[in-house]
Every structure is written in C-alpha cells, then in structure tokens.
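So that you can tell them apart, the chains are marked A, B, C, D, E, F and G in the order they are listed, and the count of residues begins at 1 in each.
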Amino acid sequence: MSLILRTATRFLLPLLLLFSLFLLLRGHNSPGGGFVGGLVAAAAFALYALAFDVAAARQLLRIDPRQLIAVGLLVALASGMVAWLAREPFMTGQWSYITVLGIGPVPLGTPLIFDLGVYLVVVGVMLTIILSLAEE
Amino acid sequence: MTIFLWNILLALAWLALTGVFTPGNLVVGFGLSYVILRFAQYAIGPSPYFGKVFDVIRFILFFLYELIASSLRVAHDVLTPTHYMRPGVIAIPLEIESDEEITLVANLISLTPGTLSLDVSADRRTLYIHAMYVDEEDIDAFRQKIKRFERKVLEVTR
Amino acid sequence: MNVLLVLPILIPLVTAVAALLAWRWRRVQRWMSVLGATALLFVALRLLTSVWRDGIQAVQMGSWPAPFGITVVADLFSAIMVALAGVMGFAVAIYSLSSMDAERESFGYYPLLHILLMGVCGAFLTGDMFNLYVWFEVMLMASFVLLVLGGERAQMEGAIKYVTLNLMSSALFLAAVGILYGMAGTLNMADLAEKLKNVHHPGLVTTLSMLFLIAFGIKAAVFPLFFWLPASYHTPPVAVSAIFAGLLTKVGVYALIRVFTLLFVHDVGYTHRLILVVAGLTMITGVLGAVAQNEFRRILSFHIVSQIGYMIMGLGLFTPLALAGSIFYIIHHIIVKTNLFLVSGVVHRLCGTYELKKLGGLYQVYPGLAILFMIPALSLAGLPPLSGFWAKLTLVQAGLEIQQYEIVAVALAVGMLTLFSMIKIWTEAFWKPSTLNPQPSDNRRRVLNLLFPIVLLALLTVAIGLVAQPFFALAERAADQLINPEAYIRAVLAGTS
Amino acid sequence: MGITTLVLFGFVLALLAPWLYRVGRRATGWILATLPLMQLMYFASFVRPIAQGEVFVFGSAWVPSLKTSLSFFLDGLSLIFALLISGIGALVVIYAGGYLAGHHQLGRFYGYLFMFMASMLGVVLADNVIALFVFWELTSLSSYLLIGFDHEREAARRAALQALLVTGVGGLALLAGLLLLGQVGGSLELSTLLSQGEMVRTHHLYLPILLLVLAGAFTKSAQFPFHFWLPSAMEAPTPVSAYLHSATMVKAGVYLLARLSPVLGGSDSWHYLVTLAGAVTMLVGATLALFQTDLKRLLAYSTVSALGILTLLIGLDTTLSIQAAMVFLLAHAFYKGALFLVAGAVDHETGTRDVTQLGGLRQVMPITAVAAGLAALSMAGLPPLLGFISKELLYEAKLQAPRAAPLITGAGVLANVLLVAVAGIVGIRPFLRERTATPKNPHEAPPSLWLGPVMLAGLGFIIGLLPNTVAAPLVSPAVTAVRAEPTEVTLALWHGLNPVLLLSVLTLASGVGVYFGRGVVRRATSRLEPITHWGPARWYDVALDGMNALARAQTRLLQSGYLRYYLLMIIGTTVGLTAYTLAARGGFPRPHGFADVRFHEVGVAALIFLAAVTAVRARSRLAAVAALGVVGYGVALVYVLFGAPDLAMTQVLIESLTVILLVLVFYHLPRFASLSPQRARYRDAVVAVAAGGLMTALVLVAASMRFHPPISHYFAENSFVRAHGRNIVNVILVDFRGMDTLGEITVLALAGIGAYALLKLRLEKKEGG
Amino acid sequence: MSGVFSSVLMLLGAAFMLVAAIGVFRMPDLLTRMHASTKAGALGGGLLLLAVAVHFGELGITSRAVAGVAFVILTAPVAAHMIGRAAYLTGVPLWEGTIVDELRERYSTRSRTPNPGTTQD
Amino acid sequence: MILERLTAVFVPTHLALAMLIIALFLAFARLLRGPTLPDRVVALDLVSTLAVGMMAAYAVMTNQPVFLDVAILLALIAFLGTVAFALYVGKGRIP
Amino acid sequence: METILAVVIGALYATGIYMMLRRSLVKLIIGLGLLSNGANLLIFTVGRLTRARAPFIPEGAETLTPPYADPLPQALILTAIVISFGVLGFAVVLFHRAYQTVGTDDLDEMKATDT
C-alpha cells in the first residue's frame, strides 16, 4: 500500500467526518441532510478501509455498523412517535428553540432527529456492505 | 502537539464551513473537532509539531511561483504541436523521515505540473518521481532542484 | 388522532428493529417475532372491525393536510388486506419457529420477515401514489433478501431473475408515477381521482394507465409478465415461500384493483376489457404451467399465477358483484395458498424431497396430514363447499350476468385443470405407495408445531366455506366502496378545501 | 329433526367414522347403519302425505348475498330417490363391514361412504340449485375417494382420476347451466323454477342451458360417449360399486333429467338429444357387456345400458315413459344392487371374479345363490319379478313413443336380449354346473354379506308379486312430480296377451339363445374389438396426453429459464401495449421545440448520451463502469443546471460509492465476453431502441401536458413558517413526506442486512422444511 | 472591481482546465497526460472556486469556496499519485521518448509487455 | 446595471462554461479511447474536476451559492472513486 | 430543453435495456445503473424544468416566490435514487455471490430453477 495514501487518509478522515456532520446539521436550511451526510461519513471510513485494511477500519469504528442500522431506525422511528405524546398523528413535527452557544436560538425539532436517524442508517448500511465486501 | 494544531485547524474549518465567525462558534467547532479527533485517534499517531508562520508564508509564495511557472510550461507544451518534453523517472534520495513530511513533499511535487510522485521506497529513503523535463546530460541537476524543494518544506515543518 | 391506522406499519418495524438490536440472541428474536406477529394480528383485526363499524378512515402523516402530506387511509378493502397480512404473518411466524434453521435465524430472518409485513401493510394502507412505490420497494427488498438468505445455488439463480424482473417493474412504476405527477400535479390518490376526472386528453391517461398495468402486472405475476415467480418461489425455505405465495403477488393485485377502480375508470371499455383478456390468458398459462410440473412447490408456484387470473377477472368484469368476487377470491386464496406451501414444508420435513416421483405413502401413515392437504387443495380447485367454491361461483355468476361467456368458460375450465394438478399431488405424494417410507418417529414434536398454523388456516378455509355469508358481505361492502369511490375521496380530502 | 339436520348429520358422522371405527371395530358397520335406517324411516313418514299431493320445502339461509340457501324440497321424485339412497345405503354399510372386515383403512372407508350418502341425499333433496351443485360435486369427490380406496394400485388411482375428471367436467358445465337457468328463470330455487318452463324454453339462452345441463347429467350418468369411466370405476371395493355405481350416484344424472324435465323438457331439442343419447348408450352398454369376463365389469356395462334405458325413457317425455322409468329405476336398483353385492361376496369367497373360472357355487353358497338367481331373473325380465313388470312398461312406452317408435322399440328389444344373456352369465352360470377350482376355498358368506343381496332380491320378488304396494304411494307421486301433473299409476303382472307380452317372450327366447351362443357372438363381434379400442376411453387418454403435452410445450416456451427472454417479453409487452394505446387512443399533443436551449445544456446532454452509448460499446468492464461514471456526473450536472443541488450532491456521492462497490466486486468477476450471436444482438438492439423511443415519446407528451398545477406552492409557503427549514427538498424529505423517507431507510437497512447475510451466511445443501 | 477580478479568475481557471483536457487528449502516454490533467485541472478548479469566492464576497460563501480549494489541493495529488503508481507498477507503457527510468531496477519483475488485465479491462 | 451584469457575469460565465464543455468532450474522448484502464481513470477524474468547475461557474452565473456546496462536495468525494480505481489497477501486482 | 432531455432519457433506457438483455451478469449490473439514471431523469424532466432557481427559502424571507424549481419531484427522485442505490448495492453483492456459487458469469448457465 502506498505510504502517501495512508498518510493522506489519516488527515482526510477527520476532515470528511467533520464535513459530514456539517452537511447533516445544516441540511435543513442548505443543501445536505442526513442522507448526504451519512454517505460522506461512510465514504470516509471506506477510504480508510481501502488505504489500510478492513480490520483497521472496524477497529476505528469500534461499533458494529449493523448496530448502527438498528439504532438509526430506532431513532427515526422514535422521532416520529414523539408526536403521539402530544396526541398528534405520527411524524408530526415537535419543535422547540434551543440556544446554542455562539449561534443563538436554534429551532430543534423531531424532523431533525429523524434526519439523524437517516444519517445513522446510511452510515451503518454503507459500511456494512463495503466492509463485508472488502473482506472477501 | 500535532493533534492540538489539527484540532484548531478543524475548529477553524468549522467556522469557515458554517460561515458564522463568532467566538462561541469557535468553541463549538473546537468541541466537535475534539470529539472527532478523539474518536479517530487510532488514525492519527503522535507527531511533533513546530510552528513557523513566517516560513509557511514564504513557502506558500515559493510554491505558488513554482506552480504557475511549471503550469505555463506544461500548457505551452500541450498547446503546441511538437512535444518538447524529455520525461523520465527519477529517484530522489530523501532526508525527511516522518510519514507526514514525506507525504507533504510528495504531494507538493505532484501538485506542481511537470512532476509526479510515483512511489516511495520501502525504507522511505527514496522518492521516485516522474518528471516531464529532465536534462539528459545532467539528471543530478534535476535531483538537486527537487532536493531544494524538500529543504524548503523542512524549513516549514521543523 | 387515529393510531390504529399506522400501527400495522409500525408494529412490524418496531419488531424488526428490536430483533435487529437482539441480533446475537436468537431466542429473544424468536419471542419478539411471535410477539410482534400477534400484536399485528390483533391490531389488524381491530382495524377491520373499526372500519366495518365506522366506515373509511384516514390519517394525515405529520398532520400535513391532504393532498400535501402523505395520507394513510383504510377502506374495507385495505382493512381486509391488512387483516389477511396479519393472519399470514402470524401463521408464518409460528411456523418459522420450528421450520427455520438456526443459521438463517441468526442472520436476520426475523427482522426481514417483519419488514416484509411492514412493506405489505404500508402498501395496503397508503393513500399516496409515490408512498405506494416506497412500500413496494420495502416489500421487494425484504423479499429479495429473504429469497437469497442462505445462499444456496438454486436460491441465487432464482433470485437473479426475481430481482432483475422486479427491478424492471419498479423502474416502470417509478416512471409512471413521475409522469402522473407531471400531468396531474399531485400524488395523493384521492386527489388524483378528482383531478383525472375531467381531463382534455383522456387518451393520455389511458396510455399512462398501461404503464401502471404493466408495472403492477409484473408484481402481480400476470401473463405475459409472470416469469420471475415460477423461477424463484420454490427456492427459499418453505416458510418464506409460504409468505411470498400468500402476500406478495396480492399486493400487485391490490394495486391493480386500487388504481383501476379509483383512478383509471374513464375508458373502461378499453382498459378493463384488456384486463379481462389478461385475466383469461393468465389463468390458462398459469394452470398449464402447473400441469407440466412434477415438483410440489413448483406446481403450487404456477398455480399462484393461474389464481391471479381469477383475482383480476373480477376487476376486468368491473361490476359490484365481480369486484366482490375478486376480493373474496383474494381472501380465500391467501389463506389457502399459504397453507399449501406450509403443508409442502411438512411433507418435505417428513420425506426430505419435493419431487413427486420420489414422494409417496403419506396417506397411509399420516391421514391427518392428508386431510390438511386435501382441504386447501380442493378449496384451491374450487370444490364446494370450501372457500374457493364461493370465490369462483361469484366470479362465474358475475361473468354470466354481463354475458362475458368466454371468460366464464375459461374460469371453469381452469378450475378443472387446477383440480387435476392438485389431484396429481395427492395421487403421487399421498396415495402412491412409496419406496421412501416416511419415518413417523422423526422429530414428531417439531412436526406437531408445524401443524398448528396449518390446522388454523385449514379451519379458516372450512369456516369461510361453510359460513361464507359474513365473509361475502365483507367483500360485497368493500367492493361497493371501490366502485363508488366518493366516500374514499371524501374521507381523504376531508378538512382540506 | 328436520331434513337439514338429517342430511348434515351424515357429514358429521363421516368425520367421526374413523374414530368410531377405532372404538367399535367389527360392530361399527351395524352401529353406523342406524343412521341410514333412521333416514329411511324418516322419509317413509312422508310417503303418505306426498302420495296425497303434498310437497315439502324446508329452507335455511346460507349465503343470501349469492342467493344460495340450504333449502330442501321433498316431492314424489325426491322421495323415491331418498328412500333408495337411505335404504340401500343401510344395507351397503352393513355389507361393507363384512366385506372389508379387518381392513386397516375401514374407518376411512366408512367416512367416505357417509360423506357420499349425505351428499347424494343432498343432491336429490336440494331445492336451491347451488346447494344441489354443492352436493353434486361432493358425490364426485367421495366417489373419487372410494374408487381410489385401494390406492396402492395404480389402476385404482387411474380409474378414480378418470371418474373425477369426466364427472368434474360435466359438473362445471352443469354449474354454468344451472346459473344461466337461474338467471333466465329469475330464481335459484327449483321449486320456483319448475313453473318457469315456458319462459325458459322460449329464451334465447335455452339451447346453451340445455346443452350445459345435459353435459352434467350425461357425464354423471355415464351416457355415451362419457360412459367409459363407469366400468373403470369397478376398481372400487364392491360395496361402492353396488351403491354408487349402480343404485345411486350414477342415477343422479337421471334424477336431474327427470327433475328438470318440466323446465327444460317438452322441446324438440330435448327430445332428440336425450332420446338419442339414451338409445346409443343402451345399445353400446349391452353390447360391450357381452365381451366381459370380469363379473363386475359385466355388471358395469349392463348398468351403462340400464342408464341408457332410463335416459331414453325420460327423453321420450310421455307420461307412460316416465312411469316406465320410475318403475325401472326401482327394479334396476334392486336387482343390480343385489347382483353387485353377490359379485362381491363371490369375489370375497373365491378370490376371483372371472366368470370363466366360476362354477357350481350353489353348493357352497346356497343363500347367495338364491339371491343371485332371483336378481338375475328380475334382470332378465321374468315374471313374477319386478323386472318383468318394468320391462312390460318399458316396451309399452317405446311402442307408444311419439316419434320413430318402431326404431326405438327395435333397439330396446335388441338391448334387452343382450341383457338377458348377461343376466345369465352373471347371476346363474357361476352357481350352476360343476365346481371349479378357485384361488380361495369358498364358504357361504357371513350374514353381513348375504343380508343385502337377499333383501334386495327379495324386494324385487315381493314387489313383483304385489306391484301396487309401490304404485300408488311411490311411483304415482314421482311421475306426478316429473310430469308436473297429477298422474295415477297402477301396476300389474298380467296385461293380457298383447304385443308387449309378445316382445317379452321374444326377448327372453333370443336372450337364452344368445346366452348359449355367446361364444359364437363373441367371435363374430371380436372383429369389432379394434373399434372399441379406439372408443371414447381412448379419446380420454388422448385428450389427457394432449393436454399434458401442450402444458409441457407451453411451459418450455414461456418459462424457458433464460432471463433475457423474460426481459424481452416484458419489454416487448410494454412497448407494444403502450405504443398501441398511445397511437390508438392517445393522440400526440405538440411537443416542445428546440427554441429554448443553451449551449452548455446541450453539451451536458450530449455527454450523457455519448457516455451511455459508450457504456454499451465498451469492450472492457471497467471502461463501461467509467462511462457509467460519466453518465452519473452528467446527470448530476443536469440537476445543477435545473436547480436541484441536493439531488446533484446525492448523485455525486452515489456515483463514487457505486464505483467503490463495483470495483470491489469486479476483483472477482470475470471479464466481459460477447456471448450473444450477431442476430440476437440486432434483435435486442431493435427492442431496446424501441423501448427508448417509447420513453422519449412519453416524456415529450407528458412534459407538454399538464392538467393541473402542481401542489408544490404549499411547500414553498409552509416550509419555513411551519416546518422551520429553508431547504424545501430536505423539509419534504424529513417532514412533509417523512413516511417516504422512513420507507427509504428501511430499504437501505434491508440492503445492508441482505448484503451482510449474503456474504457471511453460506449454507451448503441443507434446507429448512 | 470584484466583478472583473472574479471574471478574470474564472476565465483563467476555465482556460487552465481546457488546457488540461487538451493535454489529456493529445499527450502521448499516461504519465505525461497526467501531468496535464491532475495539476492543471486542480489549478483550474481552484481558480474557479476562488472566482466564486470573489464574486459573492460574503464571508460564509468565501470561506466555503476556500475550503473547496483546500479540498482540491488536498486530494488531487494523492489521486494522481495513486493512478500513476498503479499504472507504472502494472506495466502501462511509457512514451518512447522517455529518457530515463530509475525505478525499473527496483521492480525487476515489472513486465515489459503490457498486462492484459490493465490494458484491456 | 444590466449592462454591467452582462459584462461582469453573463459573458465570462458563458465563455467559461463553453470552454469547460469543450474540455469535457476532450476528456470524454480520452475515456473512450483509453487505451489502458489508467488512461480512462485519469479521464474520469478530469471529468469530475471539470464538473466541479462547471458547478462553480454556474453558481456565479445564476448568483446561487447553493451550487457551490455541490462543487466542494464533488471536489472532496470524486477522489474516492479514483482511489478505488487505482487500487483495482494495482491490485495484486505490487511486489 | 425537454425535447433534448427526452432523447437522452430514451437513450438511457435503450442502452440500459440493451445491456440487461446480454448474457453477462456484469453487463446486467451496468444496465441497471443506466436504467435507474434514466428513470430519475425522467421524473425530473416531466416534473417540469426550471433553470437555476433552486427551492431554497432565502435568509430573511419566510416563503419562496415563483419561479423556482419544483421541490417535490426533487424529493421524489432523491428517495428513488437512494432506494435504487440500496437495491443496486444489494444486487451487486448478489451477483457477486451468484458468480461464486455458480462459477460463471453467463446467465444462460443459471436456468436450473426453471423447467
């Protein structure tokens, strides 16, 4: 394997992950969102797996990507069910404003949590497929 | 140390990406980056760090000059019917040792039109590059030119 | 707020997620599966009674008013289908406990099974065209994975055809939905029904309806689009075959009936006439396919095709009685066909093969099993007084009423051939003396567990046959709602101006 | 206890029979026989009121929405059949207990027998035609199970299937006929329909209805050319043959003809069709009977002939002929039932049914021999037996036939002559002459085996002596019911010296002649054998083989196993159907012109086009993947050019990840190879281009046609205000249409699980049951 | 002023990219083509992104554009290196005008004939 | 105002886009021609870079910064495909 | 522009279908890829093309005023892309395993499950 690729990857990985979070958090107002963000995160780990090897990528990830799938689905599902607490139909958005340090009041709602669920599922799925395939 | 630097850089990148330049956002960015770095600590080994802002700026200017000059040279060759180039694969002995430095040098060489890093020897003592304009008579002159390049990088990193 | 409507979609998903989280604990997954299936059955029956009592119900997901958000809506037809999905899910979940091998169980069988149910229920309940596409894909993807789970060669070969041809159908469906939106500007089915009523170019709508006909026709496995089904349905473990046989193609039939009663009713003389022709050809080619087979599950697979013909025959005739016949047929068929597959699984468990040539002697040793086979088999062939008889009778009656004698003749003749091939199984597997000699001692308790859902479904078949009236009344009222969609449209678009 | 309960109780008992047999063992037959006996007594209680002209209708709802009720209808015709069914039924149940004693599946046998008995009662009692059909089909089914009772033998299985298919096809025709009849007559209740004859006969659907109903009746009653299943059905245990295939089930068709003759009868078509079928069947059956050496087959063919006679009589459609039919019905039921049971007893005791091997049994089986003799004489039409009275009536009816009386009479005489010989062969010969060696050493049969024959033969004898015990109470009401007009019937042994008596004597004399000259007759007619070889039984085989061959050919053609043919078929259908519809019913609106285009847009479009073509023409896989990548980037550019950044992002990401996936997989997959021949490639190209052209046309049409403005304005107005997001696409995804996305991530999750399972779980040949 | 500056950057960037494409189209062997493409391409892309930064002149957009430039500079050389290395090692032929190859002795196994797996696949 | 926008934005962006399109076709021609897989990969890589450039130019042309986001994503991600291809090319042949 | 894109869509369908009609698994995958691109572009085109105005509500505004690209087809396509990507990913793995199991890439060798 190439030393250059490995070294570059070590620096690109956090950059890609940061970018993926950026896309996730900003997606409600600008291009991006859970799916795109999740793909970028998956791409980051995929790059790592290609540059090093699958075992290293799994070690880096620590959590089994299949569990990410389940957790992601759970998050998405739960975000939709929150509406039931307010006696409203499934997936009715529940919003409140939260003051974020340095940015100010930011609307936080269940659709954003739903997007997070999407993010997790996408990461989990892509990594499950790519890592299993690369192990062949 | 490197981790700290990288952390700051990532926090700055966060500012740039969100476009909200406030101290608070810097803290948020720092926090996020910290989490990610911590998460990714297997990937980033320990590495010494020496900050030399002045050297950095000087190096950037030098690099830009090289970039534009060689770009024009390649462009000229591309756009004219005859090929002036004298390509070859040259081995460059390396002084630098760390992965990061080798990568930096190799990438800068690659970025410059006319040269392309092909491979690093297993003992990391030699960098093989493909170059478009090699003087047949004096390959060592070419080697020296690249070595100068390497030293400039060393000035920045060490 | 009506939670009941989304629960048939969410319960399987919750079950699947719980089972996924319990990936390593097989026993926990098994319990979850049974629990989830029971809950689904309960909710589905509640929904059915509720719709029967209070009429068509609709809920707007996310509280966004129709036609802007996604509507989940249950008329009687939907509720019946969901109830059937509940029954099948329950039966197969129980059957799986004793029939599924530990390896498949630890590689996601239960989550897949429940997500399949989720997709099926979603497709039945959604009131939105694109959302229907999504549920189709959920169901399809789950079926892909269930089909290949285990990775045996036959599974692979079958799956390649299944996957490719179904993807073809999805691509067509997607294109059709896109074009529909481009022309009508909406995706809500009730809203579409309103907007397609008076268009200047009805011919274009007819053309579009052809795309839906083909896309759903592939899913429903009608002639000449059914090839994926006989190529694959006999390859996975039998519990999977059974749930496929019971539910998957019926979702295609459901979709056909839904769109050709709600949306495309402006040129019945062309579209429904065509459907009738397709119905006839489907019956014939399917049953002849079955006649040519000599393997238990392959015979059953081809019969699915043939029976689909009956289901859409009612749609093609397009009278209240005919539609009631179709719905009754679906009710009957889902129960019976699933059961036949389950029986084939028991036979396989006892004899180790599905090949009729090698089978035999079961009647001698297992008279109970023989009866359990005879009931669904004869019902499938339409012998009175089992459920299939009433289904066929209704369709024949409906055809005679409007002088569609050709299709009636086909329906009757195909019934005969169905009987012929069911009898073939009976003769070969049950009556014929066997060199194989089924071993009664072998894991008797597990076989008994397998028999529980079979007995349940057989009793249901007999009950529908003997006490047909309530079931028929259900089908009749459901058909009435289909043929007079105003109530459906009102229920969906209520509260929007 | 109402009729409904009584009939349905038979089914309950059928279910319980196997269990009862486990408890009751040898006594089971006697215990079970109480039900038909009770039924017999119950029906007997109706004899008087019905003879006085009453008719009983019992009804209970079943499926009112389908106008189906579980209604029963008891008049003279139903009554005579009901009495036969329950009376002979009781005897047969007892007989079966002895005949199959010790058989390990006797319990099941009782089950099937009771199921049959109940169904048969249902057929003759049903008022609602659908209920009638239900019971009709159940008789076919139980008959199937009984014929195939000895299921380990292939011949039994084949015969069972044959009977089921032949009567099944007829049954379906009958269903259609009955439904049409109901439609025309305005009711599904027979009691109502019977008065609608005039309306039905003048309806344009009359002929189809008639043909359909006749198809049902003729197949069930083994009329030529559907007769062949009946001799084959002799694979059944003898009690079954005696009961189903002589006394009851085969007469269901006759019952149906008689029942419907007030509605469907009285027309020329009815007359010709029914008479002709009956006459041919009568002759064919009698002739073929003579060739047989197997006791049961002899009886079976003679039964075919008898059924022909009954049909012929109903076809003649006069009061006299119906009278003759009803009396013959009784006579035949008694003597044929007795003879079958005797045949069974003989077989049971000697181990053979080959008449050429039997002789002198009167010494060892005296009681059986008496019963057999009486029955045979009745069959031959000797006074003072019931058979004689019936034959007299028969000749009388034929002589007075409305058309072609001499011809019909001649045929009748011929058939009866042959039947006299058959009676001798079956009922007399095995018991006379020398004892011959038989596989088993015979003794007198146990009481359960001789009770039936003795009772039946005795009844034929007693009623022959006292014919008016049945004339007024049974025959008159039956004829009244069929003729739909009050009829008085009196019967007598002696009618004086008349042409009929002359014919009887002639018949008897010729019959005895044929009996002794049967060797000559057989030799003479043996030249006909090749013809019989090509008879209807052969047609059945050919039809069955043909159907199987057709099925195989069709399946080979359609389900060829080649994925690309499946695809071709589907795509071809799509293109053909859609293009046809568009052309025939669509009408092309004017598509957009080229006016409003930009250079870079055309450039990107052209790039996609070229890249797609390149992907097809690429000689290597990775070149194709690279071209696919260009397509992907091009599509992403289109998304950007027309204002869809989220789409472009997604597209770009997916493009890269797809490349990774493909590259990972292509490590292992082989290189491209061009496997298809040139011609296939051209064909596929044509299909593909046609499909592409269709999509182009559809896009053009759809893009220039908008019936309604889209609903998107709502999202533009509410996305920020109510859903707190500025990226409308994202808001649609996670909020307005969040349900879609929930489904979407579920699909993804499945893809992940699926890929994982595919790669990690590899079962070898080990299947779950 | 910023308009003009942005336009200049944009045209310059586009021109560089065009040059890169021409180079890829007409240079004689893989490695020389890469000199044209990866670098000139990266330079051109960078210039175009800078043009965006200058055009909008808003801090948020500018910073994103600069981040984009950084991405290009970070990834382009690595990609170029990877292709070049793989191609060289698998025996993609060099232009006949190549004057020296000091890497070859290290990889004595490098096949002289092009590997069908890479050329044809 | 309009004139200024025409000269400052319309003309240069259209010109830039035109150049990029021509470049795109040249790159594609290389992809078509090969002859080796790495040649195609280089061409594909260039196509992606050109797409980045086009998106950037288009963002200016339409005054819509959202397209810039797509461009930077592409800049970051396209690299991945190239690396994958390169690894495929070199697989198993590196001593 | 619709006209031109219509032709492109037709080409994507045609090439995709042609590739699916070949005997090779690999070509089948590529065909599927082309086809799904065609379907997405189809929805995009028939959902009406609007140049440049992406459906984003600008800072400071509460609603979006026309003209803007219809966001709904975009959302549909996004969902469809993701779904077909998931399916394609699975199909790729399936074909890979099928090749391993059956030992050939030739689809004609995979017909044992039919009659």
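Assume a residue touches a chain if its C-beta (ideal position, glycine included) is under 8 Å from a C-beta of that chain, and two chains touch if they have at least 3 such contacts.
These figures come from a predicted structure and were not determined experimentally.
Can you tell me which chain lies farthest from subunit G, using the average of the Cα atoms as each chain's centre?
Measuring from the centre of subunit G, the most distant chain centre belongs to D.
Identify the chain pair with more contacting C-beta pairs: D-F or A-D.
A-D
Going by C-alpha centres, which chain is most central here?
Going by the distance between chain centres and the overall C-alpha centre, it is C.
Using C-alpha centroids, which chain lies at the maximum separation from subunit E?
The chain lying farthest from subunit E is D.
In angstrom, rounded to a whole number, how far apart do the mean CA points of subunit B and subunit F lie?
Going by mean C-alpha positions, subunit B sits 23 Å from subunit F.
Quick one: report the Å distance separating subunit E from subunit F, using the average Cα coordinate of each chain.
Centre-to-centre distance between subunit E and subunit F: 11 Å.
With centres defined as the mean C-alpha position, give me the subunit C-subunit F separation in Å.
The answer is 49 Å.
In subunit D, which residues are in touch with two or more of the other chains?
Those would be 555-556, 559, 561, 563, 567, 571, 620-623, 641, 643, 645-646, 649-650, 653-654, 656-657, 660-661, 664-668, 695, 699, 702-703, 706, 710-711, 715, 726-727, 733, 735-742, 744, 746-751, 753-756, 758-760.
Tell me, which residues of subunit E touch at least two other chains?
In subunit E, residues 20, 22, 34, 38, 42, 58, 61, 64, 67, 75-76, 78, 81-82, 84-85, 89, 121 touch at least two other chains, as defined above.
I need the residues of subunit G touching at least two other chains; which ones are they?
In subunit G, the residues touching two or more other chains are 20, 25, 28, 38, 42, 46-48, 51-54, 56, 72, 76, 78-79, 82-83, 86-87, 89-90, 93-97, 107, 110-115.
Using the touch definition from the top, list the residues of subunit C that touch subunit A in their complex.
Contact set of subunit C toward subunit A: 1-3, 6, 10, 13-14, 16-17, 20-21, 23, 59-63.
For the complex, give me every residue of subunit B touching subunit A.
That would be residues 6, 10, 13-14, 17-18, 20, 22-28, 32-33, 36-37, 39-40, 42-45, 99-100, 102-103, 106-107, 117, 119-120, 124 of subunit B.
Can you list the subunit E residues touching subunit B in their complex?
Touch residues, subunit E against subunit B: 16, 19-20, 22-23, 26-29, 31-32, 34-36, 38-40, 42-43, 58-61, 63-64, 66-67, 73, 76-78, 80-81, 84-85, 88-89, 94-95, 97-104, 106.
What does subunit D use to touch subunit A in their complex?
645-646, 649-650, 653-654, 656-657, 660-661, 664-665, 667-668, 723-727, 730-731, 733-735, 738-739, 741-742, 745-746, 748-749, 751-753, 755-756, 759-760
For subunit D, which residues are in contact with subunit F within the complex?
For subunit D paired with subunit F, touching residues are 599-600, 603-604, 606-607, 610-611, 614, 620, 622-623, 626-627, 629-630, 633, 636-637, 640-641, 643, 645, 648-649, 652-653, 655-657, 659-660, 663-664, 666-667.
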